[in-house]
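Labels A, B, C and D are assigned to the chains in the order they are written; within every chain, residues are numbered from 1.
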Amino acid sequence: MPIKTMIEAIRDALDAEMQNDPRVFVLGEDVGVKGGVFLATDGLYKKYGMKRVLDTPLNEIGIAGIAIGAAMRGLRPVAEMQFADYSLPAFDQIANEAATIRWRTAGEFSCPLVVRAPYGAGVHGALWHSQSVEALYAHRPGLKVVIPSTAYDAKGLLIAAIRDPDPVIFFEHKKGYRLIKDEVPDGDYTVPIGKARIAREGDAMTVVSYGLMLHYCLEAAQAEGIDAEVLDLRTISPLDRAAIVGSVKKTGKCLVVTEDTQSFSITGEIAAIVNEDAFEYLDGPVSRLATPDVPGMPHDPGQEEWLLPNREKIAEAMRKLARY
Amino acid sequence: MSAENHISRHEALGLHGEDVHELYYQMVLTRTVDDRLWNLNRQGKVLAFASCLGQEAAQVGSAYALAPDDWLAISYREHGVVIARGMSVRDIFAYAYHRDNDPNTRGRQIPGHYGSQKLHILTASSPVGTQLAHGVGSAWASVYEGKREATIIYFGDGATSTGDFHAAANFAAVHKLPVVFLCQNNEWAISVPNTLQYAVKHLTERAAGYGMMGTLVDGLDVIEVFGATRAALARAYSGEGPTFVEAKCKRLRSHTTEDDDRRYRRREDVEADRAHDPLANLEAYMKAASLWDEGVARQAGEKAAAEVEDATQYAEASPLPKPSETLTHIFAEVKTDAHQNDD
Amino acid sequence: MPIKTMIEAIRDALDAEMQNDPRVFVLGEDVGVKGGVFLATDGLYKKYGMKRVLDTPLNEIGIAGIAIGAAMRGLRPVAEMQFADYSLPAFDQIANEAATIRWRTAGEFSCPLVVRAPYGAGVHGALWHSQSVEALYAHRPGLKVVIPSTAYDAKGLLIAAIRDPDPVIFFEHKKGYRLIKDEVPDGDYTVPIGKARIAREGDAMTVVSYGLMLHYCLEAAQAEGIDAEVLDLRTISPLDRAAIVGSVKKTGKCLVVTEDTQSFSITGEIAAIVNEDAFEYLDGPVSRLATPDVPGMPHDPGQEEWLLPNREKIAEAMRKLARY
Amino acid sequence: MSAENHISRHEALGLHGEDVHELYYQMVLTRTVDDRLWNLNRQGKVLAFASCLGQEAAQVGSAYALAPDDWLAISYREHGVVIARGMSVRDIFAYAYHRDNDPNTRGRQIPGHYGSQKLHILTASSPVGTQLAHGVGSAWASVYEGKREATIIYFGDGATSTGDFHAAANFAAVHKLPVVFLCQNNEWAISVPNTLQYAVKHLTERAAGYGMMGTLVDGLDVIEVFGATRAALARAYSGEGPTFVEAKCKRLRSHTTEDDDRRYRRREDVEADRAHDPLANLEAYMKAASLWDEGVARQAGEKAAAEVEDATQYAEASPLPKPSETLTHIFAEVKTDAHQNDD
């Protein structure tokens, strides 16, 4: 099977679904001739033309809102937000509108929309090219939130997201675009939304993570020789509660790792779930590692590195929990 | 030229006497529905409601111009629009009574946020302005699929201030989409008067800034609204792009049942506004055009009253939704392709 | 001391600070002549005039963004969002701008802004007149998020918020506006932001809540005769970690009650904090009661009542935890 | 009338020869700074950077018209503006090198997002358009406090599509605020050309829709930009309200160092655009107005080069921020009144 980078896998997925389904079209800033600022849509404009690969004016309200209208009419828009950070102007359209359309009409209308956006830090992009915003979207029922950590999953989950009859918010780690490479089959396949993946089996503790951090968790477990079970969430919402609880029941310990700022991040939800469903199995507190609560990621690489979770900090957190 | 003076305005638009009678009936029905819902609110039976009193001509006249395939994006005040579009009064009342047999929302939304696949009405919502982007997306979908359909977007003067309006107007103009922006300027965004909302004389002045056609109409004149909308639709169908139609009208009641306009509107102004009644206007027109017939008018009133009475009883007899039903339709309940292919 | 409703207390606070500080002004939709849709600003227009009680066009981006600009220039804007649900169009300005101004300039600029908004359900207002959105704002470092549960606190916290040199998001329960009444001193006083309050002392468990739900918790404890310590958060972010942890160390059990939809709500953060700092003291899982994950509150009163936490459900949750 | 032909355009605006020389110097300095920062990026020393090459006249000419008390709201591309405003080249470079002695942001923002209380520059940010609302809020603050100050807001063509622009323009017009909306139309929003951004010929057409004055200027002509800005400021000071100034210019480099415009811009077009050089323009003007002096020009170049060289060395020798410093200034560190009064 060919080895592909995550960005290639994403491009593959878009191409496959545009081929499969004439209702699928891509819209966003610079997605057309340029092929997107990370080249996720590279080549699609040439292949499918402007109608299906549409450069929009600079207004995220419009990108989301127009996509929502088209989705209600049966098309399958894939809207790109140039950075996850810049999806916030569209938050009202996504959270108040897209999320509620099926429910508020008791099924008469639906909103089969995908919103894609690069997220994550480590590229010195500072406050508005580094954010993790999954917690915001995950908190709104009616939205599905997906974050792949492998190229294989990126392709399969994105195809699943496009075929999903409900709105899916799809975040891709920008530093992972070219860093993450693995085997990606040609042709189309799907990876189910809502299912976590055991990325590494183990008995000493459960480490829950996703996206780029997942890799750091795996590396830390490897390097430390800790028998950690590493769970790749893949879907942030709805969470795969059974997978989390099942693993923690087995290991008795749980560490959650996110690149997002800590407070009110998704780490808390996992702590709550584990308390609710696996409390008696716990041999230690549900623990977490995240970016400290700063209002933005600093541009200075020294400061950025100092703030972000990395292999060493994860290893340290694992050791601490193992000792408990 | 002088011969034209003998042709009535509706005839000049190709409308027959029956059309005018139908417009009259729809406006009467709209008002009857509106009055009843308002009263039912005061009786505690309808929990909240935005009246369209004074806006019947703008709503019915524009909706009457639509083809069956055209799509509508609406706000919370468009009772006349959905009536003209053919929504049954029973459905309207079942909705207002949050009953389980309402096809619009089944107890979920507050009254008036209609949505219907059959009638091509995109589901409305409360956040002001969002439907503008949806309507443009709908027009995009029509063009995308090569369909000869326009989308008409209903919104108020207040909505023109939103970011959604700006995004929608600009995108529609750039792509010359088949959109009619139908602004009912009722002079108020709740208590905020036009003077604090914008600095131009007419909102149509904004159209040019987007590269869009702007048409100002007397929103109290159902024939004029019909004509302007039909012209805008013609432009839309023929690829000439969007039109901004501003229908000047009056809001003859408080913003909603929850509002008390005595806090911000002088009584003498409200009284003066009452003189601007689109229904009285049409009556006068019909008289001048020799279309008035007391019998027809009485029948219209009686028929509307009967429909509304029937619908009220229907709604009152209809079941409320089961509480636990509210947990349904969060996501599609069928397994998706994605899920079928895996695991 | 005079008994006042929460809405009167809020009006008092605005009036007091407008009197004390000429830099304070109020802006929003319908705040002027009408006095706000809940009459929070009733009378202020007459007293202070249009410049200081400003009816804006219908655009929350503008309300927030213009207030931010004025705040950077040294004024003390108090922006009203007509409903918390309608603050979402302004989310970008609040979360990406207001929250970051001090940090991104290393203190050169600040943003002493207050955003007030009614939140909460129980008034049959359906999807967009019922939301609890505190988790969204709490997740953004740089913002303070405050929710009073008494008229006394409403006044003291709002005055503190206006005097605070940083952005404060201030949510007021719309059903509590007239329902909640207690003793409110005349004149100005402050209640510190960042400090929780023990609303009821007890030893059997800690119940953490805020806003209208706090009262239901108190009533449930009373009715059930459960010796619960009820903690009123008052400030959602930054959380009063010491108060939460201190109480749980004493009682050994923790129930978190919110009116927000459950997943990724602030309940999770409290579960995580308790795990981190009081795990060894726990005699049962951190538990929670919230609104089920629905995309919106239904209009139908039967459905709404069925969904929302209430005294009975809270009592049941308390009994369950007590039995543990 | 014919006598006027003998007055140079700068004289007609009351500018002296020294002013023109100063404008020339500021433009040369801007370009020298810009070139160096671009090169330093290519050397890996400056991590990201948005060049203002081609926009020097629009930036320097407009900023030169400001009074010291006026306020500025800017985007990420306004190097010429802050130079004209008096920011030291050392500060600019300390910023670009994310050093701890940079007064703008101390390592936190990516280069070019200036902010300075002293220079009356509101802190810039990356989200496009947000500064438009801030600038209007600033103008509101000036009026609120009865100060005779204007606020100038710098933004690009792309920013006119945002909801923030719409909110800002409308509010400023409704309240006749002292605002100059200075749009540098460099024809691109990254790779999206004007034709896909809006459907009017000139963005100034949008101004009328808000009830605002619109002025179109040649953004390559520093004298014209200066004149138009000064006229707009005069309107602002005298309570006549906001002006939208559209300065047409060229973006002579890729969007930022992270962009490669070869993906979307034909080389021959880029070459053709190069001919539209505001600095060459000014040189020609100076020659025609007998203000050109090789010595002065050489000195300007040398002085700019020396300043930039000094600043580069200064920045390289300056300390990086301590990592843990990034946890400071999240909230005010002093106790607030509120906290002092309690507990």
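In this text, a residue touches a chain if its C-beta (ideal position, glycine included) is under 8 Å from a C-beta of that chain, and two chains touch if they have at least 3 such contacts.
Keep in mind the model is a prediction, meaning the values are calculated, not measured.
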Furthest chain, CA centroid comparison against chain D
B
A-D versus C-D: which has more C-beta pairs touching?
C-D
Chain C and chain D have mean C-alpha positions lying a whole-number Å distance apart equal to 40
Measuring from the mean C-alpha position of chain A to the mean C-alpha position of chain D, what distance in angstrom results?
37
So what's the Cα centroid distance for chain A and chain C, whole Å?
30
Measuring from the mean C-alpha position of chain B to the mean C-alpha position of chain D, what distance in angstrom results?
45
Please list all residues of chain B that touch 2 or more other chains.
105, 108-109, 125, 127, 161-164, 166-167, 170, 174, 196-198, 330
Shared-interface residues of chain C (touching two or more other chains) are 56-57, 59, 61-62, 85, 88-89, 92, 96, 100, 102-104, 127-128, 141-142, 293-296
Residue ranges of chain A in contact with chain D within the complex
29-30, 32-35, 37, 55-59, 61-62, 85-86, 88-89, 124-129, 292-296, 298-303, 305-307
Sites on chain B touched by chain D in the complex
161-167, 170, 173-174, 176, 195-200, 205-212, 241
Residue numbers on chain B that touch chain C, as the complex places them:
47-48, 98, 105, 107-111, 125-129, 158-159, 161-164, 189-192, 196-198, 258-259, 263-264, 320-321, 323-327, 330
Using the touch definition up top, name the residues of chain A that touch chain B in the complex.
25, 51, 56-57, 59, 61-62, 64-75, 77, 89, 92-93, 96-97, 100-110, 141-142, 144, 159-161, 163-166, 189-195
So in the complex, which bits of chain C are touching chain A?
61, 85, 88-89, 91-92, 95-96, 99-100, 102-104, 127-128, 135-136, 138-142, 237-239, 261, 263-272, 275-276, 279, 282, 284-288, 293-296
